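The structure appears below as structure tokens.
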Amino acid sequence: MTTPPPDDLVRAVEAALFAAGEPMSAEAIGAHLGGADVRGALLELARHYDGRGIHLVERGGRWHFQTAPDLAHLLRREKEDVRRLSRAATEVLAIVAYHEPVSRAEIESIRGVQTAKGTLDVLLEAGWVRIAGRREVPGRPVIYATTADFLTHFGLESRRDLPGIDELRAAGLLDPVEDALASAMEAGDEQAASPDEESAD
Amino acid sequence: MTTPPPDDLVRAVEAALFAAGEPMSAEAIGAHLGGADVRGALLELARHYDGRGIHLVERGGRWHFQTAPDLAHLLRREKEDVRRLSRAATEVLAIVAYHEPVSRAEIESIRGVQTAKGTLDVLLEAGWVRIAGRREVPGRPVIYATTADFLTHFGLESRRDLPGIDELRAAGLLDPVEDALASAMEAGDEQAASPDEESAD
Amino acid sequence: MSELIDGPAITLDDDWQGVGTAAAPDDAALYLELDGWEGPLDLLLDLARRQKVDLRRISILELVDQYLTYIERATELRLELAADYLVMAAWLAYLKSALLLPREEQPDPSPEELALRLHLRLQRLAVMRDAAARLMGRDRLGRDVFLRGAPEGLRVERKHKWQCDMFALIQAYGQVKARTAPVVHMVRDRMVMTLDSALSRVSSLLGVNLDWMELRDFLPPHADPRLKRSALASSFVAALELARLGKAELRQEETFGPLLLKGIRA
């Protein structure tokens, strides 16, 4: 499986293009290598690299090495770890969804609790909340709204599909007794707003 | 002159190392490629590139592509981005490399002079020397050792490749003077009792 | 002086710097040379190498002489010498005199041991200096060999995939609303059994039963617990009312025991 060793000009062109900080024209490579004609070497190299993990390509008269396009998915890999949204973040998300566009101060006034910066960051990172501009009031606070991804994730056609207050009440979701219990149980959940927080799943 | 096309793992490793901004261990490459064992692929690639203008080399357990050393004269740039070291720094670096882990006092006893503060700092900043802990003797002095970047920069596969290290060790020239003195005194009163390495120029 | 300082003071590698040996006037030259050495050991090593013999076979006595001459000349020229050069000179003078003493008068540690120690130190410095030169002469990255000029970079984009479902979302909202809703006391519409309906229910059940029955048996069997509590209270009051009207008898064996009742046929 060994190829006959390339001649010195081919090797020099190969190394020069490898080390170059940007694509180079045949003339520039030749000049760099003491005025050699490198066209033949370039074609031989391109042939050699055809089918390998690296390709030698010409773009607009300039040559450069690049990784094979079919391997792109391997080189930029996304690693996902699934985490459950903390209770605080869930509340903030719900408030944004029901009240958008809404500022952080408004979220806090609706929640009745201070909202950690990290909580909104998590939602922005999750791609469910976006910055929707600034409110034209003193201080010009940033206002937040939900995204199309939010609708997709929660299987909603539009925000109008969110159950109304009456429906929530009918479902017992506004029952203050359960709420008091739940919030007592989950006191301290506020810290869970930071994205590093491990939440069980 | 065509080589049979490399298999997909070989291509992926080739592309990954080519795209990587820094040397990578086999484990890191494997992890990046979804947990594959890439050792075989690395060896095959190293073989493939042997004799070409680019080489695949292992330095301190990490792999990277670099231009072939014999092409240095063609590629040397007007502006070298290699750090110029003072003579003191050069010596300190050699002492750390051949004696590691080594304390500052030990370095100074070999050199016979105090080491200016900046000398070790330059090496630490270059990323060639690292603090390797403390020696468990009175005063608990900080001890220094070289890094993987040091091996990468100087083209050493491992510390065993340090020029002449085996001979120096065998000749006892890496032992402290006290040890050498004791064994020389034991061996007899002759001044040239120790099996010396050629060292004069 | 010339035989001492001419020629390269130190075999300099390209990467070494720090010795100012440019065309300087004679007097200053020596000073600059001294400045270029990194201490007495460095100077000694350089002198030793000028003996042009293997470092193993250098003559310590000769070396001592050379060093002392050197320092003497510097002193004559009234050049400032760093203290450690003078300390070394004093030590070497002592070593020389000890080496010249007859064997039986030698102090302890023996001058041979001291000379050997100096010798070993010079050797060690010499090999490290050579090692440094060889290291610097290797194919160095960025000077002789080059990494890829423009790597695309390998990136692992760590992404958290957040999970939340619709129920959790609306439940959270409900709880926020409930928690922060203004507190209004509202009597809730509750499932109750009124006294009237308890009366008719108990009397009709008494009508079809001839035996003693426990009050709890009069309660609707599948009712909601809250309705049951209401029914129990209403039925108890109804039973008292029926007893008052002489339509029923009540019996209780012990305090908090089951309350039994039986209809009285008119």
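We call the chains A, B and C, going by the order they appear; numbering starts again at 1 in every chain.
The rule we apply is simple: a residue touches a chain if its C-beta (ideal position, glycine included) is under 8 Å from a C-beta of that chain, and two chains touch if they have at least 3 such contacts.
The structure displayed is predicted, hence computed values, not measured ones.
Nearest to the overall CA centre, using the mean of each chain's CA atoms, is chain C.
Each of B-C and A-C has its own count of C-beta contacts, and the greater count is at B-C.
Set against the C-alpha centre of chain B, every other chain centre is closer than that of A.
Centre-to-centre separation of chain A and chain B, using mean CA positions: 38 Å. Rounded to whole angstrom, the centroid-to-centroid distance between chain A and chain C, based on C-alpha atoms, equals 27 Å.
Shown for chain A are the residues in touch with two or more other chains, namely 15, 18-19, 65, 67, 75, 77. Of all residues in chain C, those touching 2 or more other chains are 146-148, 152, 154, 156, listed in ascending order.
Of all the residues in chain A, the ones that touch chain B in their complex are 1-6, 10-16, 18-19, 32-34, 47-48, 51-54, 65, 67-68, 71, 74-75, 77. Against chain B, the residues of chain C that register as touching in their complex are 10-13, 15-19, 38-42, 48-49, 53-57, 60, 84, 112-113, 115-117, 119-121, 123-136, 138-148, 151-154, 156. Against chain C, in their complex, chain B makes its touches with residues 16, 18-21, 24, 32, 55, 64-69, 72, 75-76, 80-82, 84-88, 90-91, 93-95, 97-98, 110-113, 152-156, 162-164, 168, 173, 177, 180-181, 184-185, 189, 191-192, 194, 196-201. By the touch criterion given at the top, residues 146-150, 152, 154-166, 168-181 of chain C touch chain A in their complex.
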